[in-house]
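All chains are identified by letter, namely A, B, C, D, E, F, G and H, in their written order; residue positions are counted from 1 within each chain.
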Amino acid sequence: MNDNPHSTPDPGRCERQGFPEVIYCQNKTASQVADNLQALAAANGAAFGTRLDPSKADEVLATLPKATYDPEARTIAFGTLPQASGPSVAVITAGTSDIPVAAEAAATLAFLGHPTRRIHDVGVAGVHRLFERMEEIRQAAVVIVIAGMEGALPSVVGGLVGAPVIAVPTSVGYGAAFEGVAALLGMLNSCASGLTVVNIDNGFGAALAAHRILQSHHCP
Amino acid sequence: MNDNPHSTPDPGRCERQGFPEVIYCQNKTASQVADNLQALAAANGAAFGTRLDPSKADEVLATLPKATYDPEARTIAFGTLPQASGPSVAVITAGTSDIPVAAEAAATLAFLGHPTRRIHDVGVAGVHRLFERMEEIRQAAVVIVIAGMEGALPSVVGGLVGAPVIAVPTSVGYGAAFEGVAALLGMLNSCASGLTVVNIDNGFGAALAAHRILQSHHCP
Amino acid sequence: MNDNPHSTPDPGRCERQGFPEVIYCQNKTASQVADNLQALAAANGAAFGTRLDPSKADEVLATLPKATYDPEARTIAFGTLPQASGPSVAVITAGTSDIPVAAEAAATLAFLGHPTRRIHDVGVAGVHRLFERMEEIRQAAVVIVIAGMEGALPSVVGGLVGAPVIAVPTSVGYGAAFEGVAALLGMLNSCASGLTVVNIDNGFGAALAAHRILQSHHCP
Amino acid sequence: MNDNPHSTPDPGRCERQGFPEVIYCQNKTASQVADNLQALAAANGAAFGTRLDPSKADEVLATLPKATYDPEARTIAFGTLPQASGPSVAVITAGTSDIPVAAEAAATLAFLGHPTRRIHDVGVAGVHRLFERMEEIRQAAVVIVIAGMEGALPSVVGGLVGAPVIAVPTSVGYGAAFEGVAALLGMLNSCASGLTVVNIDNGFGAALAAHRILQSHHCP
Amino acid sequence: MNDNPHSTPDPGRCERQGFPEVIYCQNKTASQVADNLQALAAANGAAFGTRLDPSKADEVLATLPKATYDPEARTIAFGTLPQASGPSVAVITAGTSDIPVAAEAAATLAFLGHPTRRIHDVGVAGVHRLFERMEEIRQAAVVIVIAGMEGALPSVVGGLVGAPVIAVPTSVGYGAAFEGVAALLGMLNSCASGLTVVNIDNGFGAALAAHRILQSHHCP
Amino acid sequence: MNDNPHSTPDPGRCERQGFPEVIYCQNKTASQVADNLQALAAANGAAFGTRLDPSKADEVLATLPKATYDPEARTIAFGTLPQASGPSVAVITAGTSDIPVAAEAAATLAFLGHPTRRIHDVGVAGVHRLFERMEEIRQAAVVIVIAGMEGALPSVVGGLVGAPVIAVPTSVGYGAAFEGVAALLGMLNSCASGLTVVNIDNGFGAALAAHRILQSHHCP
Amino acid sequence: MNDNPHSTPDPGRCERQGFPEVIYCQNKTASQVADNLQALAAANGAAFGTRLDPSKADEVLATLPKATYDPEARTIAFGTLPQASGPSVAVITAGTSDIPVAAEAAATLAFLGHPTRRIHDVGVAGVHRLFERMEEIRQAAVVIVIAGMEGALPSVVGGLVGAPVIAVPTSVGYGAAFEGVAALLGMLNSCASGLTVVNIDNGFGAALAAHRILQSHHCP
Amino acid sequence: MNDNPHSTPDPGRCERQGFPEVIYCQNKTASQVADNLQALAAANGAAFGTRLDPSKADEVLATLPKATYDPEARTIAFGTLPQASGPSVAVITAGTSDIPVAAEAAATLAFLGHPTRRIHDVGVAGVHRLFERMEEIRQAAVVIVIAGMEGALPSVVGGLVGAPVIAVPTSVGYGAAFEGVAALLGMLNSCASGLTVVNIDNGFGAALAAHRILQSHHCP
């Protein structure tokens, strides 16, 4: 049994895995979100939630006025966040429209203490825009590449750098983009070797995958 | 009624549209293919068929020994073909595995009298390979770009040239490539403006689309 | 680095490819749209955006009162547009319901300086309606055919003219039309040779493909 | 309980519905097919099976040498068939490749006693071929239209005749034809009013639907 | 050219096919709908439209106050409708939730002059409910069977009557019903022979298919 | 004929099958729901409905003020419910977001008289949370496991208990979760033997399947 | 570590869950199958495998000549099987073509010690065939209903009995049957309450689900 | 131009990215494979190819007798391979049937110089088997988890370790496994945070993703 019957928080995840449980807010009520933020912050010093709509965020903030909501990333943070340190993560978007997913990735990386370098709107229709930024990109320890529509940017980046490349398809597009499916399939079938892929619009997942890599970088 | 009850040839297409009917051999018997080649060559001087398997080709050649079968393109030609002349068409593949589709396009262009320049294996995983060939590509009046897997090459080419770009997805790949669907969706959602797309593995259709463009180029 | 951190405009596309970058407004904020219109108009004399909702358009027009919004096409133009000249493009719809996509194509062609002839509601359920317009259609250098539901009109048109035919599936229909997928598949599998296809509802892409053809017509 | 444990024949269907049970042979063993042909012929005077492969047919014929196998239609008939009489059914194909499905429809109609008029290869890429046959088609009481690829022919026919039109998609095509799905969707979304559709390659079902119509024509 | 540039009405359809053009209102503006109702009523004495939302209907009725809107069927009729006569059509639903589709079919049949017998909520989960109504059903010349969810009712009805059975899948259901796809596939694969199928929620199409049958019944 | 033309209630189901008809409210009007609740309660003493939206519930309650609406489960009960007795059913969710589906299952089980034990948020990302509850779970006669996203929890539970496990996929998730399809496919392909699956979000169906099992438990 | 590096047998499953691990042979080599049969028979007295092709079975039998292969069910048994006892399971097929799946279910039930009653070819196209067998079916404690094509039989059975009904879709059919998807969707959306579903062609899974029910019947 | 017209080898990839080009053999001819192996070995000292069928391998080995073919992994190596050194990669399979994909991953890791620890058949249906191996798994710097069917194992592993977890869906399974789609979707929607995914059966891609991580581990 637990004291919080709607949820079974996992406060030991931090010790077990090196990162805390993060709250997926989308299908939860505001009071469920607030309960979980408090429980996890009590255990870990800070707590974080993703996919929180602005109106639900208002309700949560009424309960937890010290929490911080990022409307572009739709994330909420509560408690004391770490200073960013260590190798940086490049977060690159193919288009301006992909920025909200990049914001979610960047907010998550900030919560986990990693410095981030964001580069926007360098998609393959004007591939010279990417080349102008390659020096910056090559300095990153991990590269997150975010693209909707045909999702081709990770293939090009993946052929230029040796670092881990995490591809994030987005639901940007229309018609046969099928809400991100076209980009997802493109990334899964990339001719660039050794790319990995996360779910559509999953900026959070890409950030946590980067964290797993950087963590392994420091410790084992 | 017609004399050839299994088919209704369209000998007037040449006059009506500027190109002859071409025979789709895949679901036809060898004798149906041979009948149609003869009927169309009688009307137009030459006839052409696509998607002809080697074993069925042997049967057709037994009937029409003067026909010519191209095993890489799986096409058959019968009668007197034109000399190639006029602006050229670039036929580019992302990988070596896409060559059979390029061969079908090239054989069709040859049947229709267009010079062709073929460039192979310049996919986006090593995008410098494409850049080394851009001068050649820019000399073409029409560019056909053939790619399987994620189908990203047409987007990059489409951002570099102003000429018409016809994208051909191929069934090269496995798993979530879904027999060419991933490449098809990628091309339909290209962030490069004004690309057009044909069916998966449809080298013939791309060649005929190029012919429609070049024909309009000469005549109107 | 660039001065406009949410976007990386591509002002050189005009010189590189013969047409300017066009803004896809759907997933951008009004201020991002306005920024890009200004940046591109500064470089090219005029700028153009597609898929702009009326309410977001009001916000953009508050910033850029000299811009012109076309509510049927959902496009915005800013700066001095060219006089139409040269060969014309036929823009044909199967039904009245397909008109918004035709309007997007026509507005794009106007932005690029091409005269357009629009013909509406001549779908195959009453195919004589098409035949009454064939003389007009045959005068066009490029034919854009727009259809929802089963998307059969491009096949019929494609069997009647020799000019390039660009097929645009629309999301008109219901049930097993699957938001335009039925029409898209129909067009990709057309028995008329050499049709090319763009994304569902992509009137803009069809217009730019026509521009690539007409441009190659003039220059190479 | 019944004497034939692998099957439960339905000999009363003839009286109940005006047509006998027909055997779907595809997933049955040769001896199951032979048993059912005998049981149904004993009850109804004749029996009929569809989707019988040539090699399995050889096995069935070894048991029932008086049965008749039609290799083009892949059907088997056993017993005394009726003379054809009454209004005729037009069976039209878009292409030569669709003939096997037309043959299945025609063989079924023959088993049920209906005269048939077959017209092949009049698809919409050369729509004048259809117009040359319209007089014949208008004489039919029911029209079966069979097409693969984009499946557009039923829409055009459906806009020209007032008789019932039964559309049969076929698996002819490749790539995005998806084994007949493109044609099926096209037919379900036809802009011609009041078409009905049967399963992909289901010439048998179309014939039986025609029989239901003609039967209702005679009796009620 | 035509006087009504947004549409190309087809007033001759009545003479050509025995039924008038019907207006698909879904993607049209209210003024387009009103224009077409007037044009078709002028030619044929009456006009009819389907898929008209209540709010758009209000706008149409403001222009054409003598038109009649049926909110359950979402249809509009304008002009003088015929008296119902001749054989009747049974319109059967599996559930109460399928009634709007049945209403569309019934309103269309009324516009075309056919008597209708409606039977609701006799789906296969309580198959005795169907058996209690079979006597009525057997009196119909054509049977329209409407079902959502798994769409099994047409198979059972199709095994009990010899008359033509037109199956209409509906979008009733949730989850893996996929907006009517489950019912559509069920009907296309029915083990009852000779069923035909129309698009999801297409009560209008089923009614017109019945009209084609009954018309052929009267005239040929 | 029946007195209630929009529906054909099945009051004999209780006697025939051991459980009453339950009303699926989603596509019905409030008055249709109220009519059916009254008809079934008159026959069986109590009636129950699922998938009733809050606003429609208000309308129903205006007619039937003694009915009870459960907003979390979106169910309505009317009449005298049984006392819970007999073996219990475990209702387990992978996440907090799956609770509404668990509530529907629990409300249905309560209507049918079965005691329920609910356990929430013990998904496989922290599998120790499940192990802490296994003793409770092993006491249940039937286990209902509810999960969205990848739907992995039923496989783990199914490998730990011998009792019947009914897996319920939910539409919780985003992107490639495809509204519950990912979870549904996961459960259908479970490597744990002998799991069964119901439709996405179908807590009601899982409860009734449990009732069929427990009923067979008592009676045969 | 274990002695058998290609597999990690689970001999404790019998004690933990009341049934032994069963070998899925499809993607295993003959020697892997033989190793596992021996390891599990050593632990449990008997072992069982499913989806074993005849040619691979010959190889296994060369190693384990005392094993018994059932070619219709494609199962292999090794060791001493129990006598059948307790309540019986009805295994019903819609068609003759579904028999191999019924055979797999029956062989599995025999391995687990349950008596089985098999009833074949009673699909809904002739629903009277089912009614003639209902007395037998009502005597079963669990009912397994197996159907391909539209998969409607479980809905009808599910509306007639109160016992647990496990629906098994089969890959019987063609075209839009999509290798069993149509039947699977039909069963998941059944209007009969409380059906559960297993994977396509998964006779084994249905049998084991029945075992879980009967086991719970005996013990808790 | 290049000397090898069917391919454009990329010998600089090693220097550019830290790993050499690897040959995808599936759609290439044996002579194309041999040419590429020689060209890349000349540049890099060793070359490697994947997805090489045994019969094509025989042809390649006839040309390059010093090459080594691994029939389980279907890979070919040519030239001098490195000694394994550095942190190890765990390669875990859910079932015995997934071993070929694990073999491809392991062969690729060997070619790239990484020590590997393979653990087979520890899927979630008997989750204790995984727990017995967790100590070994926790020693790995990167964890590759390979699973077919529902693909649940990566979620459980991902909740237990902090290291990077790369999930590989396999095509093991049948029916609604859809050749690996079920596993792929499961992995993309994992409730365990920060997993990444590669294409179905893509053991090579997972290995190269691990290499990118370990390389970043050593160098930046």
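Following the convention adopted for this analysis, a residue touches a chain if its C-beta (ideal position, glycine included) is under 8 Å from a C-beta of that chain, and two chains touch if they have at least 3 such contacts.
In this text the structure is predicted, and so the values were computed from the model without any measurement.
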**Request:** Mind listing the chains that sit against chain D and also against chain E?
**Result:** C, G
**Request:** Nearest 5 degrees is plenty: how much rotation brings the CA atoms of chain D onto those of chain G?
**Result:** 90
**Message:** Which of A-B, D-E or D-G has the same interface as B-C, meaning more than half of the contact pairs match by residue number?
**Reply:** D-E
**Asked** If you take the mean of the Cα atoms for each chain, which one ends up farthest from chain G?
**Response** C
**Complete:** Quick note, more Cb pairs in contact for F-H or B-D? It is F-H
**Item:** Interface residue identity across copies chain C, chain E - same or different by half
**Value:** different
**Item:** Rounded Å distance between chain A and chain G, as computed from the means of their C-alpha atoms
**Value:** 44
**Item:** Between chain G and chain F, distance of the C-alpha-averaged centres to the nearest whole Å
**Value:** 26
**Fill in**
Taking each chain's centre as the mean of its CA atoms, chain B sits from chain H at a distance in Å of 35
**Request:** Could you tell me which residues belong to chain F and also touch two or more other chains?
**Result:** 13, 95, 125-126, 159-160, 175-177, 181, 184, 188-189, 193, 199
**Item:** Each pair of chains that touches, named by its two labels
**Value:** A-B, A-C, A-F, A-H, B-C, B-D, B-H, C-D, C-E, D-E, D-G, E-F, E-G, F-G, F-H, G-H
**In the complex with chain B, residue positions of chain H that touch it** = 5-8, 10, 12-13, 21, 24, 26-28, 32, 36, 51, 169, 171, 179-181, 184, 199-202
**Prompt:** Where on chain B is chain C touching in the complex?
**Reply:** 13, 16-19, 22, 87, 141-142, 159-166, 184, 188-189, 193-199, 204-205, 207-213, 215-217, 220
**chain G partner contacts - residues on chain E that touch it in the complex** = 94-95, 123-127, 149-152, 155-156, 158-160, 173, 175-178, 181-183, 185-193
**Message:** Can you tell me which positions in chain B touch chain H when the two form their complex?
**Reply:** 95-99, 120-122, 125-126, 128-129, 148, 172, 174-177
